[in-house]
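This structure is in structure tokens; I'll ask about it shortly.
Letters A, B, C and D mark the chains as written, and numbering starts fresh at 1 in each.
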Amino acid sequence: MNLTHDFSPTPEVDLASGKYVKIWHGPQHPGITGNMSLELTLCGDEIVNCKTHVGYLHRGFEKLMERRTYIQNFPLVCRIAVPEPTFNEYLYSAGIEDLAGIEVPELAKWLRCLNLELMRLGSFLMWLGGASGAFGMSTVYQWTVTHRDYILDLFEEMTGARIYHMYISPGGVRAPLPDGFKDRCLMVMKKVEKLLYEVETTVLNNAVFKKRAIGLGVISSDMVDAYGVTGPNQRAAGYARDTRKDSPYLVYEQLDFDVITATGSDAFDRTIVRYQEMHQCVSLIRQMLDRMPTDGAFHTPTPNVLHWKIPAGETYVKAECTRGEYGYYIETDGSEYVRRVHIRGPSYTHAIAVMEKLVIGANIADVAGLMVSLHTYPPEIER
Amino acid sequence: MTDKNDYPTLANADLIDAERSLFCDARPVPYEPYPVDFVEKFANWVRANSLWVLAFGTGCGAIELNPLMTSRFDANRYGIQMRPTPRQSCVIVVAGYSSVKTLKRIIRSYEQMQGPKFVLGLGICSLNGGMYWDSYNTIKRIDQYIPIDLYVTGCMPRPEALLAGFIELKDKIKAGQCDGTNRYVKDFDWYKANQKKVIKNWDMPDYNW
Amino acid sequence: MKLKDVISPFYVWQRAFEKPYTNTKPIDTRPGADAYRGFHVNDIDKCVGCSSCQTICQNHAIDMVTTDKNSMPGDSGLRPRFDYGRCCWCALCVDICPSGSLHMSNEYAWVSDDPDSFRFTPGVDEKPWYQHEQGYHRDPNYNLLKLERAEMDMLSTEEGLKSFDEVVSGYNHEQAIAEADRCIECNICIATCPAHMDIPDYIKAIREQDLEEGLRILYKTNPFSATCGRICTHRCEDDCTISHLGKPLAIRWLKRYIIDQIPAENFARILQDSCEENGKKVAIVGAGPGGMSAAYYLRKQGYRVSVYEANKRAGGMLRYGVPTYRLPDDQLDKDIDYIISLGVTMHYETKVGIDIEFNTILDNNDAVFLSTGLNVPSNLRITGEEHPRVVSGLQVLFDTASGNNPNVGQKVAVIGGGNVAMDAARVSRRFGADVTVLYRRRLEDMPADPEEIKEATEEHCHFVTQAIPVKIVPADNPNQAIIHWGEAEMVDDGKGGRPRPILQDDKMHTETYDTIISAIGQSGDYSFLSESIRNDLSLKWHKFEVDDRQRTRIGNIFIGGDVANEVADAVSAIADGHNAAIGIHQYISEKV
Amino acid sequence: MIEALKQRLSEHFQLTNLTIKNAGLAFLWVEKHELEMLLRQLRDFEGYTHLSFIIASDHIEKNQFKLTYMLHNYDTKHDLGVHVDISRVNASMHSIHPLWAQAWTYQRELKEMYGIDFPESPRVDEDFCLEGWDDMPPMRRDFDTVKYCEEHFDDRDGRATEENRQTMKVNIYPERGE
């Protein structure tokens, strides 16, 4: 493996020649995921060079967290990745618990896991809408966003908020499940499953989609490790790697699931992998609802949070989010404040380095589809 | 039409010479209501019922625009529609916090929009900095940089709250109370000074129409 | 390309015949979920203005503002005001709220064109959502605070009864840190403490393991910390904000922890009390907590202080009225010796009025502070109380403290329900007696500290309540006395006050005891003051009238301690002494 | 397993410290000049093929930056953090962009956020998240973000808070106490 990133445009680009044209794709552009931009150099409608620009959503979380107490960071972290906040909550809590030596009650582990899987499903539904939208099927977008909203309804019941749940707190979770949640959740799962089969008919078996997505943005297998590609992007390239299986956390060890892979490694196969993972989510949620304990403690008391000090140390905790390896590196120095937090989001490499590499040679019309197929969330890149 | 001499030209001092010819140097002109009151009222009614929103997710608030625009809440039936370009839009939603880098794009997009134009400030971050009151990269008060017509508080504001905001905006437009466009023209120099204070590398025209 | 792939997208048409997803009236038909975190609601009668919500809010969205609520002990009178241009609805304020007054409704829509309108004080400003029953409430099993106290090691009852050793062992390092960790630094307790000690500050010093700083904080307002750390009436703990949710902080034991960890010989180095002579003289009558506290603060300002004390040793009631199992002598000496070491002149066994005339003292000093205490036991006012086997509780305690056995015998009755009664009873138990406590009202009416009552009960003191002594007659054995007492019925006084006990003549009991200890109260002895001074000082209900700097109507006489304040506990006397020192300093400075 | 790895690495490198956090995570310290070789060794011969991230943390009290290179071995499912301490003065580090094709992104971020230079790293001087930043690199410990905010962004007026300690003193015991 000795693949390096290619920085110079393949042909020498001379803008004055009139052969090339430079355009900005984003940040205000409907074909961009989130708020970021691509500086594209085109020859005709073919892209010869690309530079990514991020930072439109930079809020300096890592700095802000260094000046907030441990409990004050708990509402902050979920804002880091807007469409998928709970992974931040879980990983921040897990890191703090690891450093402070707090054991989480059994029920809390199940509730956390349920929360994460619901989030994964919701996030994938949103992505599926974006993907079908980017390839010109906005009807499916209407369906999936609505179904995501049904999951947000579940979140609202479970956690008290739609988007920023602030549910998984250091020590456990904030509240047990409300009465009758299981039935309502199963009902939503039924709806989602029906939708998924409809999506299979309309999107995955769609001639237009196949024509456009197959062969688009192939991540070659030597790129995977060189670029740190993780998650479904990596699994679509044939690597059976999944943090949930490799280093199981929460209750994944007790659940029955397989790592889903594909071989094509293009936009189409990435869609297939995610599509199957959505079915897997539904199955995992059903398993959990079936087997989770119904009562017991859901929160281990922490020290008085107003002056909670954690001994000096460092740790790295990670989880498999929808996009790949999501990790928190936390360093403490024995004070009431965290010394350093780093949030490792999979979009960081997917949206910057990988995107720059894949987009070369693509058609301008496919940039949106390619970008969606990598499933990137800009807020987690710049934090 | 107003006499052009009332509005002296802009310096565009931060543009490089080669680019100066690409942009105009005129100052913004205020929106003049129709001379006949009835016509103006009718125009306001029409404007209120076709709110074309610029599809620019400036911050995390954009995440709740998706449900709002899709079938469950279906904002289209209220005449609210997303447009991909500022030239077709009359509403910009400042969705939460704006980092300095995004603020620059918001200003450009706002200035390119058709008048009369309206701005909806979404979430706590647009009011007073919100979550990121101590962040070095996000501004605190969006109303120092562009005129805001209406605020919807919340973090996130739910789609329903957003919808309530749009309906309130419609009422205000119908009543002829949304004068953000003219405020921007009137206090143009103040807004510009504030904008240039935070945007360090001002490499765009002073008024980007 | 397969034909199926071309046809299958048209499947979407099937949706045309299904029920649409669209919610026709989303704003009206979709209230927030049951536990939705919407706009805030605050029960302002329950709220105590502790500012915990402000402290925990990472967005600085909460201000504490004055409302029409008055400040009072246990309630700062301030109430939180929320800035909805900052709030992120994380509900940490609800989770932390120790009084449980704060919660959230499920209302969520607030639209306005005025950016300044998004600030409001829940409970004060009228808002439509206060009546909503749904909304986020903290789950009872979810706590961000520690509600239980750190365990304290104590002697078992059997062990305690064997000797006069201290019953409570004091916190060790881990326990103290754990207990100090519970403090939320709300500052509410400072107002309640008579001495207004900087309680959160010294607790913080413990938490940060800077005990020397803790000692300096203690001595700023209280030079009797070893004593108060043991026997203080700890009214601060009654108003501790955590007590709304769980057990109040053990503030008293934490104070004691600081003092226990620092040896007496280090005090001078840590406190660095310099006493630059200013040439003025102040006399203090009575070496109790009030007098010695005044002596400390006056001496620190450079006054030459002479203390006149009738007994052999300083300490007053702390030495002669509090048994050593609660306050060991060496701990009291730790406090007093440090004060004396600053250069206070002590005149022991000098009874003012007998050994030295009060006017002589008055003439020879720039000011005088009287803190003579209440040392005359009140009479039972029943027939036969002059019987030799009827002794006062104070006498029993005084004898014990002086090292003499009070010879209470095998069977003892204690009449009264105050702290002196409890002490006398428990002392008698330690001398091996069976003790019966007779009290005219109910157990819950007893003025003694609940802890004292609890410990007395554990030490098998037998409590007989609603028992009114009627007369005492000599028994056959000259070393015994017979008490006649009658059962009382509690009768409402009709004015909403506490019920009065009424003797029921038909329910009389007789019992023979070796000793009958009367402990129903005490009063002051002011015979050393001349008639004219006494008249000028104006006595009211046997107490002197003073202002908040202990000034009297006679400019150079200051009075404090039990003879002046209503509460008559040690910490109030200490506070009086401190105030008198400030008052005297002002008085002398202005006179010059 | 990690002990055996340490044994093997110690033959070629001076490992200054090794902490084993748990079965799946360990951290080791290495000297600045040995880092590139060590990472190459780990990548090519020890199976640590995945670079999770590169970060710095500012140890201002030691006048050092601590760089962390987090690697992952997919076969043994093991995370290994490699720490390098570099001086805070004129901070500079060798680029590892030839080793991992994504490393230049992280290095570009470190240049912007901490002011650590990676002289050979491509595009390292371009703006990353910030635009036109002219102050101290913001992630340094001595950069005060609140002060910066107060200087550059205005708060909305109308906020004032009271301290309950003072309020209670004024209202309940104005005269008593000191």
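Keep this in mind: a residue touches a chain if its C-beta (ideal position, glycine included) is under 8 Å from a C-beta of that chain, and two chains touch if they have at least 3 such contacts.
Note that this is a predicted model, so its numbers are computed, not measured.
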Where subunit A and subunit B overlap in contact partners, by chain label: C, D
Chain at maximum distance from subunit B, centres defined as averaged CA atoms: C
Pair exhibiting more inter-chain C-beta contacts, B-C or C-D: B-C
Chain centre separation in whole Å, for subunit C relative to subunit B (CA means): 60
Centre distance in Å when subunit C and subunit D are each reduced to the mean of their C-alpha atoms: 50
Cα-centroid distance, subunit A relative to subunit D, in whole angstrom: 23
Whole-Å gap between the CA centroids of subunit A and subunit C: 55
Contacts with two or more other chains, residues of subunit D listed in rising order: 129-131, 138, 143, 145-146, 156
Set of subunit A residues in contact with two or more other chains: 55, 58, 60, 63-64, 67, 75-76, 142-143, 146, 164
Residue numbers of subunit B (touch at least two other chains): 71-72, 101, 127-129, 131, 133-137, 141, 155, 158
Graph class of chain-chain contacts, one of line, ring, star, complete, other: complete
Of subunit C, residues touching subunit A in the complex: 1-2, 4-6, 8-9, 11-12, 15, 21, 32-37, 52, 55-56, 58, 88-92, 95-96, 136, 139, 141-146, 181-185, 207
List of subunit D residues in touch with subunit B within their complex: 129-135, 138, 143, 145-146, 148-149, 152-156
Touching residues (chain side subunit C, partner subunit B) in the complex: 20-23, 26-27, 30, 59-60, 83-89, 108-113, 115, 118
Contact footprint of subunit A on subunit B as seen in their complex: 54-60, 62-64, 66-67, 70-72, 82, 84, 86, 97, 99, 101-102, 105, 109, 131-132, 134-138, 155-156, 158
Subunit C-facing residues of subunit D, complex: 156, 158-165, 167-169, 171-173, 175-178
